[in-house]
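Chain IDs A, B, C and D follow the sequence of writing; residue 1 opens each chain.
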Amino acid sequence: MVFNQNSKTIGIGLIGSGFMGKAHALAFRSVGGVFPVFAQPRLEILADRTAEMADIAAIALGFARSTADWQALVSDPAVDVVSITTPNSQHAPMALAALAAGKHVYCEKPLSTSLQDAKAMRDAAQRAGLVTVVGFNYLRNPMIHTIRDIIEHGEIGDIIGFTGHYVAGFMGQREGSYSWRMHPDEAGGALADIGSHLISMSRFLLGDITEVIASLDTIYPTRTSADGQEHTVDIDDQVAILARYRNRPFTATLDISWIATGREMGLSFEITGTKGAVKFTQERLNEVQIFKANQPSNRSGFTTLTAGPAYSPYGAFCPGPGHQLGFNDLKTIEVKGLIDAIEGTAPSPTSFAEAFETAVVMEAVKHSSVERRWVQVSDFS
Amino acid sequence: MVFNQNSKTIGIGLIGSGFMGKAHALAFRSVGGVFPVFAQPRLEILADRTAEMADIAAIALGFARSTADWQALVSDPAVDVVSITTPNSQHAPMALAALAAGKHVYCEKPLSTSLQDAKAMRDAAQRAGLVTVVGFNYLRNPMIHTIRDIIEHGEIGDIIGFTGHYVAGFMGQREGSYSWRMHPDEAGGALADIGSHLISMSRFLLGDITEVIASLDTIYPTRTSADGQEHTVDIDDQVAILARYRNRPFTATLDISWIATGREMGLSFEITGTKGAVKFTQERLNEVQIFKANQPSNRSGFTTLTAGPAYSPYGAFCPGPGHQLGFNDLKTIEVKGLIDAIEGTAPSPTSFAEAFETAVVMEAVKHSSVERRWVQVSDFS
Amino acid sequence: MVFNQNSKTIGIGLIGSGFMGKAHALAFRSVGGVFPVFAQPRLEILADRTAEMADIAAIALGFARSTADWQALVSDPAVDVVSITTPNSQHAPMALAALAAGKHVYCEKPLSTSLQDAKAMRDAAQRAGLVTVVGFNYLRNPMIHTIRDIIEHGEIGDIIGFTGHYVAGFMGQREGSYSWRMHPDEAGGALADIGSHLISMSRFLLGDITEVIASLDTIYPTRTSADGQEHTVDIDDQVAILARYRNRPFTATLDISWIATGREMGLSFEITGTKGAVKFTQERLNEVQIFKANQPSNRSGFTTLTAGPAYSPYGAFCPGPGHQLGFNDLKTIEVKGLIDAIEGTAPSPTSFAEAFETAVVMEAVKHSSVERRWVQVSDFS
Amino acid sequence: MVFNQNSKTIGIGLIGSGFMGKAHALAFRSVGGVFPVFAQPRLEILADRTAEMADIAAIALGFARSTADWQALVSDPAVDVVSITTPNSQHAPMALAALAAGKHVYCEKPLSTSLQDAKAMRDAAQRAGLVTVVGFNYLRNPMIHTIRDIIEHGEIGDIIGFTGHYVAGFMGQREGSYSWRMHPDEAGGALADIGSHLISMSRFLLGDITEVIASLDTIYPTRTSADGQEHTVDIDDQVAILARYRNRPFTATLDISWIATGREMGLSFEITGTKGAVKFTQERLNEVQIFKANQPSNRSGFTTLTAGPAYSPYGAFCPGPGHQLGFNDLKTIEVKGLIDAIEGTAPSPTSFAEAFETAVVMEAVKHSSVERRWVQVSDFS
């Protein structure tokens, strides 16, 4: 039998082709083979900073066309979804243009570099009635969904503790590290870049943060660029936060650093409940440690759960337990969520509205550091 | 700019659509986005046991056509590569037919269910001058290549010890587990199914095995099928092996079990050298433990290496260290090796000739168990 | 040859015979066999709440005499060292009496239940010119001394991060857990009981804490006693702290909980430097994880150091590496420090003066929680 | 109240004061404080090779007298127990003399350097009706007893797999390592020195070994002594064994090496049952990993048990869970067993009779290597 594979497709326009651009492309290529989807992604146009860069990336990633004009991409009738993987400061104009053009938007985190932009994006998404997905890919891990289930079903009782970390060392070299990331207007520091993942993770698991006090520390007040020139830097390298959650009795600690020597992907947390506890680290994304209090004292301890078909949707990738998912698989699950949301069979995994709430927390965190006091998150929403 | 993506393609014919069939399809879909390849795979035909199964699988995995007639697939002029992911006993006839039809062959392990078949496959491949790749995917892990580099460059001195395991629990239930796998002629037991991975891994790292003594144990001499009927089983559930390697001074131990309760993907080993040691387990495929003897005594210990761009070709998947590769990524690397071999820029990652050598070792292992004596591997090659 | 073992001895008077009383006694019994000491401890008198309890404990632990009158013990001429292992509220009167009687004092932590008492104890010790040692036994671990060496010798560069935890679950049961510990005047909550260990550990490694903001949370505002009666509790079950250290550029997070379900001995920390990092957990007290930045990128990672003779004074216990020290061995090392300080060959491992500084930090922590603001530690010293 | 501590004592005569001599002494000093015992050990005489060595050691370890004449020690009326911690070849004459003198004997492993000697020791012990204990201290770990309980109570079903290792690197340097240990008549190689621990451990857990085939490998056929001279060595550095157990359906693999670079205390094993599995390594002697098959598939995994008061007799050392036992504590438990056996309230933890059975297995292992065939253990008993 001969199939017309293209009977139903979704046209993808990808802006940017770096780390996340490639990750989006790979996920769009894979998703229809891993999961049943109502429509296959069609890699339509790739936009990059120059025509040459766009050409090269489009060929490498398998897009049919390329352009140096992202606005042309956004308004192209063959494009149904605009994927935005550009520097953070460009998220807002691109996403707003895409929504205005009636396109669904799949945007990398953080939503934007200012809270106003984030609000504008949220509002535009709401008005447009289109699907928006923000790339909080770590939330897509089946083991993270398992942890949320464990919490929601009361398996570890009432939650009485959370300590979370996102520590990594990729900005740990003072020499040669100065770049656009160092401009607060362009990107933001550790808080925006990786702290947003930790905050959205904790929201996903525990709900609203209501109150924070934090210290944003610039450990390297100067950095040199690749050409050896010294630059003043006034963004945060590290952030230490105390946080309170709605209707939760405890005070959480959150640590964020992008200069944490030796750590590569240190998104980790421990959650304590009255009847158990859970530990997770992204460096072993296929594992969860769980303790349940109702065991006999001489047979009790933390149990290591390992990703397998018992943890949906792992089985779509591989029927064998313990074979392990990788980072790109999380992106594929994210794209599956995007396609389902377009089909209307499930809500967006992380919409602009949800990502805005994370942005609000980050704003409160920043204010609490400058003002050196406890700050209500609701003051910024 | 508009690209003709299909300027150069390789037509893929896939036989089988189970665990490995899907894994092959996903790798063919991804490879051109992950790596630069001289030609893109084109998912041409999928064959399965019935037309209906083939239809469903072809749609799910993105093949253009489907068939219940694998011989038609093999001789189809649009097919350049035949992927064989059927039960072990069918590998030989399919591979021989494909080679006879002038097709490259990508075949799952073990090569066959008899040594004669394996030899015939090896010889046919050699005569045909076509590319053959056998799915020893665990060898494709960049961390495994790192271990081989460590050994070959003498970083841990001369090798003086190897202990290897492939223990998993997927056949650990006596009840309901009887199936075609239980016929020695159809599939083989633990030795063929997973032991072949361990033997090929040890060959990859340490070279030829020259002498073995083993015990193949049938722990469950009867099993019931899904319908509750009792069946006699005479294949090996577990294998314990002592092995000697060419020009190596030690005796290795190899443990193989498919009834190892609680273990999911327990392919693991420790290698000891005169100046260091290495530990690996597939359950944490992104990690290697390495010890080097030349450290000060109060700063020495095993160091955990974590997969990242420093370990090629990890960087093709993701520029961020610690983000982790998954099982399907190993298959993508394998398919990259297949395509490079077709292009002629690299040898096959694991050819029929190499897989035959693994089959020879397995034959010697079986004989040593029956005859309860040390057996020379060369007696079977 | 016949020896007079008692040519030089130190008379020990032990008050209390619970967890810590026994630990003191075991350390006094062992120390002279493990280490060369200028004088052997002589187990002279044991005091407990009743004569009967004292009798039983004295026999069990090997003391020559017993008493229900701790004041008699303190003034007994055969006693050179008074060991205090009673509830926290009794530390001050007993220690002050012992110092007044001219005895050296070995007191369990925390120093006292009020800052005034702590100050009085420090001042009395200073005036008396006697040796005081406070039982911060975790600092005695050779691996902890190794970490301090690593920091002090700049092996991991300048310190730019500390995150510390002392989480344990021993007060995690609301039912039946009400006891004298629950009175703030008697004992203090999690901060005093275990937080004091974490604070003294961080002081030992990083120096003075200058500024804190914290939240002391009472998760169980009522608990029942063994007889089922409900009691109101107003001490802290958990404490979350942000802390700044003198001349250090970062903000640390400290987590303290005695209701952390599933954790048994969760005193752990990570220290980040510009050129490396260190991780430690008391649950594996014989191990340290260390990362150094000056490794080649494809051979770099955290190295597990394991306690052995290379880490003094491990070798006094056992010449074989990897054999492991236990908790009681840490106490033996502490008593060795006590004896050396009495001999005058080394300073006290943790004197009342040092323990007072920890008490000052705890006071600042408490105020910062009540006043919900950053507090200067120097305001309380 | 004043106690006569010496109302009931046991006189100890210790021969040897190296690693194990000190370990015995420390255990004798501690045992009466840790445990209730019917009689306190009294450190009566220490014998060493020279009078001077004996003097120094007796003072350091707290013995009342010293001697260079072990035969005088053995016949001393104040000595009730003779502790033998000398080179292996001296175990037999000393133990036989002690038994002949009517003394209980506490002897380090292995029992002797020849099977005849071992048999003579066993027979003499039986005839004398005295208590004999052999220092298989690793069996004294409460976590090991827990594992035996787990096996015996069927918690993990029928046992279907065992793989054990004792790998350590202490003889890994060819240069300067030649010593008396290298004479087969004096000590034996890796098999005798550490393999005896592994074999006795597996016997303790699984019962009789009935059949073996092994390879004893001499990796360094020459070694140099401290003075730089080259010596031929013909003892085993490594041993690889296949073993069968009475009434057990599987073939075990056992790996032994004293040249395993980087391993310090690698006595470890995995045991598989039809309904679960257990993992243990002496390098984390306070932990056991256990898997039970009767868990829901998405909440199942290996659970880490941690030593605590729930695992008797941990609580005698420390009431707090997770505080950790050390190596010397295992010796204290062993001495408690010795004292109880003398009192008659419990059998010897590991008698000469039991140690003889381990020696028989070692003999069979050696023969199987020389003769390159499967050997029945019963041929040597």
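Points worth noting:
Following the convention adopted for this analysis, a contact is a pair of C-beta atoms (placed from the backbone, for glycine too) under 8 Å apart; a residue touches a chain by one contact, two chains touch by 3 or more.
Since this is a predicted model, take the numbers as computed values, not measurements.
Of all chains, the one whose Cα centroid sits at the greatest distance from that of subunit C is B. Between B-C and A-C, more C-beta contact pairs are found at A-C. In terms of their C-alpha centroids, the spacing between subunit A and subunit C amounts to 42 Å. Chain centres here are Cα averages; for subunit A and subunit D they lie 54 Å apart.
Centre-to-centre spacing of subunit B and subunit C amounts to 54 Å, using the average Cα coordinate of each chain. In subunit C, the positions touching at least two other chains are 263, 300-302, 306, 308. Every residue of subunit B that touches subunit C in the complex is listed here, in rising order: 146, 290, 297-306, 308, 310-311.
Taken in their complex, subunit A has these residues touching subunit B: 1-3, 5, 18-19, 22-23, 25-26, 29-30, 32-34, 36, 40, 51, 54-55, 58-67, 168, 170, 263-266, 282-286, 306, 308, 317-329.
By the touch rule above, subunit B contacts subunit D in their complex via residues 156-157, 160-161, 163, 165, 167, 172, 213-215, 217, 219, 238, 240, 242, 244, 249-255, 257, 259-263, 270, 272-277, 291, 293, 300-302, 372-374.
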